[in-house]
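These are the structures in question, set out in turn.
Presented sequentially are two complexes of chain A, the first with chain B as partner and the second with chain C.
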Partner chain A sequence: MNPILLDTQVQIYLLSEAILYLLMIPAFLISLKIIPKWDFGSFSQEQYALEREAYLVMTILIFAFVMKFLLLPYFVFAIDNLNTLVPGAMCAAGVISANSYGMPLLFVKLFLVFALILWMAVNHYDLEAKNYPWFKIKMWIFIAIFIVASVELWLDFSYFLDIDPTRPVSCCSALFGQLEGANPLPFGLDIEKLLILFYLSWSLIVFAHYTGQTLAKLLATLLFVYISYYAVVYFFGTYVYELPTHKCPFCMMQKEYHYAGYLIWATLFGGSFGTMAASICKIFLKVDTGKMESLSFAMLNLFTLTVSLYPLVYRLQNGVWL
Partner chain B sequence: MGNRTFAYFLALSLFGEKGRHISTVLLSILIVFLLSSVLFISSSLHSVIENALREEPDLVVQRVEAGRLVNLPLKWEEEILSIRGVSKVTPRIWGRYFTGVKGKSFLVIAVDFLDENSHKTLEKLIGETELKTFLDGRHMIVGYAVMEWMKSHFYKEYYNFIGRDGEIKKMKISKVLPKEDNALFADTIIMGIESAREIFGISEDEATDLILDIPNDAERDFIADKISSLHYDIRTISKKESRAAYDRMFNFKGGFFLSLFCVVLLAFVLILYQRYSQVYSREKRQIGIFRALGWSMGDVLKLKFLETLSVVTGSYIIGVSIAYIYVYILGAPLLKNIFMGNGNLDMELILPPVLDFSALSSIFLLYALPFIAAVLIPVWRISVSDPKEAML
Partner chain C sequence: MSYIIEIEDLQKHYDNSGERFHALRDIDMKVRRGECVILKGISGSGKTTLLGIMAGLDHPSSGKVVVDGEAIAKLPDRHLSRFRGKHIGMIFQHYNLIENFSVRENVMVPLVPMNLDFEEVERRVRESMEVANISHKASMSAGRLSGGEKQRTAIARALASDPEIILCDEPTANLDRANSERFVEILSKLHDMGKSIVIATHDPIFDHLPFEARVVHMEDGRVVEEGRES
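Up next is the complex of A and B:
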């Protein structure tokens, strides 16, 4: 028997994902039925029945989505704990690269989180408008989400079933650190230029936020997520670990670093996905997204503050940069 | 609708009609209690072993013959010490002493007092600073389970070991390790290295195994490979491997429990579905009145959902609290034997309280998610029922 599948957290994770998917199947079938027939202006018995069923779809989705948000950190936590069972792995980085399903699974998960935030936002504004003006858009987004979720479920099971507990994997320092002189950063950047770009894109977001330039904000946020990932892994992370050679996006989620990674990544992805979803809603639905925007803006600022504080505190305590 | 009114209605429907929820709550508490007890015991045992493993040597070198452990020659010590990166090699003598042909067994660990460091970790583990004073000459320190066994066999002050050559070696008991200190030492006897050699019949130029200090943990795997290539009958065990072995053992027991628990969970889910599907006429009328008063479908749905959520969270908190008391304060009678499974000496395990995120979130996911998933459709069906239909 595969010891990976006997791990309590893996079992619970797979069971939860399967239940959520099972629950989403009726929602998917109902939305397929609703989309062609939906006509809010009609007073027919049929439309009334459709509205009742739409409530079911909405209830299932909100529940499934809240659970999916909770399952993401649980998933990271579970694979982080697997590092004792997979030879060579020191943290989740090694475990996730144990086979070729791991990285795509993580990307699909992040994409799903973004899609879910977008759906939640559209749903919120749709309900607020009383006459459901964006009902069909919402349903189409859900259908896309369902397809991605199917892929995710398949990847989930393929990934965990395929981890070989006897085959050694690389640890994070081999995956991110020693690249034998090759530059891992995009566009041929070095660390200084990366940091300049990081703070520049952040300033751009701040500027766009206060001047109400929605499109600029959307683009700046896209750039910011991309740059932030590299900045955290290759610069800020080294201050979290207080070791210039330790470059890993996963180790910071361990107990030794006070689970700082959960805060850093949650604020980064929460804030930027929120900003992007709000901007999309504002551009295409023309609704007032003030509340959601300020919330995501606050999260992005919290992220920038947190990662900036690590090097500063280190400098104050030790008198040198790493 | 104002939030206060809403909260008032919620409280009314929860506490005003206690009878309606009581059976669900009781059943839920039972499920959460069972689940959390097992997970608490498991995570507590895990922390005990984790603590013990922290003091484990970086690398253990053994000699095997047809896959069995045999004594190794002490001249290996020099060979291994000459490998770069190994800062220290210490020979160990240990083994199981059987009281009769099919009797009970004690774990005998020998301490070499010529070597300062070999007993430092042991001192730290059992919390005794002056081991030497208890172990000079023919004296030994015993674990409490060993002491109990000896007492019941009328050895109150000493024990007669029978060596391999058939001679009787009398060892006096100088100290009993207290129960609370370290559960893993319950069946252990600690004695001087000379006495252990005599009892086990291990000659002066042999040892049971060697333990290595390798300060740089990045070098451990490489050094293990190098050592393996020294002789054909060498086996190395690293700290990480022994940890993985323990993890596997725990996952094996915990995993089987969970797989079986899924059956219980399925029954629970079916009961819940059944229960929430039965719409009581009174409830139907209530919803009809709400709708007639101008509540929307969404409002009724919200009320019903918060009602369910309160039941779920309430039973979760109560169940986890009862499990906490049962496991950590009462010491989990009956249930902990699943994990112990030791047919040797009667050991009493003290479970140190561990309340970690992993156990709590696992319990929540395993209980709340199937619960809500099961009642979601019935709750929706009640909430959207037609007011006209409901009033009939």
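Up next is the complex of A and C:
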């Protein structure tokens, strides 16, 4: 048997994902039944029965989705710990690139986090109203989530089953280093311009937040999350590691870096996806998303403050930049 | 005519091992603001089920239940709890008090989610206990009260949030004659205060109330007769 599957954390992770998926199957089937028949204005026996079933579906989904949020950092933690079994890997970066399923799986997981936040937001505003005005919308979002979750589960098993512990992989310095002079940054940017764009997009978010320009905030957040990934990997991360050649999005989630990566990525993706979900709800559902916007905005500011502090503290302590 | 409770074509059934038990059938009922309605019938006639649905504690199988303008069976949980806390005071047959709490604390419980300032809470608790004639036992724990005192504490608790509707489920079933008469006196006060009252009971003491009340007879989950008594 593949020794990867004998790893306790991998077993826990795969079992948890499978159980959550099994939980979602009846919710999916009931949703398919509910959507065409749903008529909230009706006082018929059928409608009351649908409302009771909908209550069951919501209960299952809220539990399953909260657990899926928690499973994402656990997934990263589990694959990070696999670096001792996969030759050449120093952290999760090497393990995730051990086969062709790893990176698509990570992207699917990130997309799902956004979709789950969006569903949670729509569900919240739907329950805030008295007549479930967005019930069908949230059911359709769930159906989309279920389809993506099916792909995710297939990728989960394909990925772990396909990791070959005898095949060497590249370490993070090979994966994220500037090999042969090629520039890994987007739009041909250099580090200075990347940082200017980083703080510019953050300033745009702050401006849009305080002036209430929802669409501008949504677009600025999309730019910010994209730029932030590169800024963290290729600039701020080097101050986390205190090594100018160490460029990796995963190592910072290890114990020797005080698990700082979990805070950095959770605030970036949580804040960005929260802002995007709130903006979408505000634009399309016309609801007051004030609390969600404030929470997401606070997370983005915490992210910006956290990553900015690393180089500043390093400069104050050592008197030089890296 | 302003109705505080409107029920149309209400059905309630329970399915058990393929068998269907009809607890309520074809109920149509309206309760005017300030009116007192006595639901009478033997055990199992559907009185308590009907009261539970009016209170939003249970859901109908079909039919419309509108309480103070809200279709309560359709309200999402968080709205239903808020609505019930604000509009409905419920007096249960077995009182449902928190035994370790004092009378005063029991009366205070429904006010906790309302986020009132402390002076307002104090005022409401004091006034409710006065109406229910239980002020003299305010600091005694509920577990040490007699049946009649527990009943009066339950009345004070139902009144604390100043609801428009008071629903009572067999309120005198566990009381002796003297305490039942005291309950009727308090009921009379509530009626004078303009509260809409619905009582599910089979106690004959409600046959001769000191104020006007409408009697609705129930049998096998159906309303079989309506009359007016005072």
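Please note the rule applied: the second predicted complex is superposed on the first by the 321 of 322 C-alpha atoms of A that agree within 3 Å, B and C clash if a C-alpha of one lies under 4 Å from a C-alpha of the other, contacts with A are read in each partner's own complex, and residues count from 1 in each chain.
The criterion applied here is as follows: contacts are C-beta pairs under 8 Å (C-beta built on N, C-alpha and C of every residue); 3 or more make two chains touch, one makes a residue touch a chain.
The structure displayed is predicted, hence computed values, not measured ones.
Q: Touching A:130 in the superposition: chain B (first), chain C (second), both, neither?
A: Once the two structures are laid over each other on A, A:130 reaches chain C alone.
Q: Per the contact definition in the header, classify A:52: touching chain B only (first), chain C only (second), both, or neither.
A: Both partners.
Q: For A:23 in the superposed arrangement: first (chain B), second (chain C), both or neither?
A: A:23: touches chain B, not chain C.
Q: Going by the touch definition up top, name the partner, chain B or chain C, that contacts more of chain A.
A: B
Q: For A:8, decide between first (touching chain B), second (touching chain C), both and neither.
A: The answer is first: A:8 touches chain B but not chain C.
Q: Figure out whether A:43 sits in contact with chain B (first) or chain C (second), or with both, or with neither.
A: second
Q: What is the shared patch of chain A, the residues that chain B and chain C both contact?
A: 51-52, 127
Q: In their complex, what parts of chain A are in touch with chain B?
A: It comes out as residues 1, 3, 5-9, 11-13, 15-16, 19-20, 22-23, 26, 51-52, 55-56, 59-60, 63, 67, 70-71, 74, 77, 81, 84-85, 87, 127.
Q: Touching residues of chain C toward chain A in the complex: what are they?
A: Checking each residue of chain C against chain A gives 8-9, 11, 59-64, 70-71, 73-79.
Q: Of all residues in chain B, which touch chain A in the complex?
A: 39, 42, 240, 243-244, 247-248, 251-252, 254-256, 258-259, 262, 297-298, 301, 305, 357-358, 361-362, 365-366, 369-370, 372-373, 376-377, 380, 383-384
Q: Using the touch definition from the top, list the residues of chain A that touch chain C in their complex.
A: 40, 43-45, 48, 51-52, 127-128, 130-132
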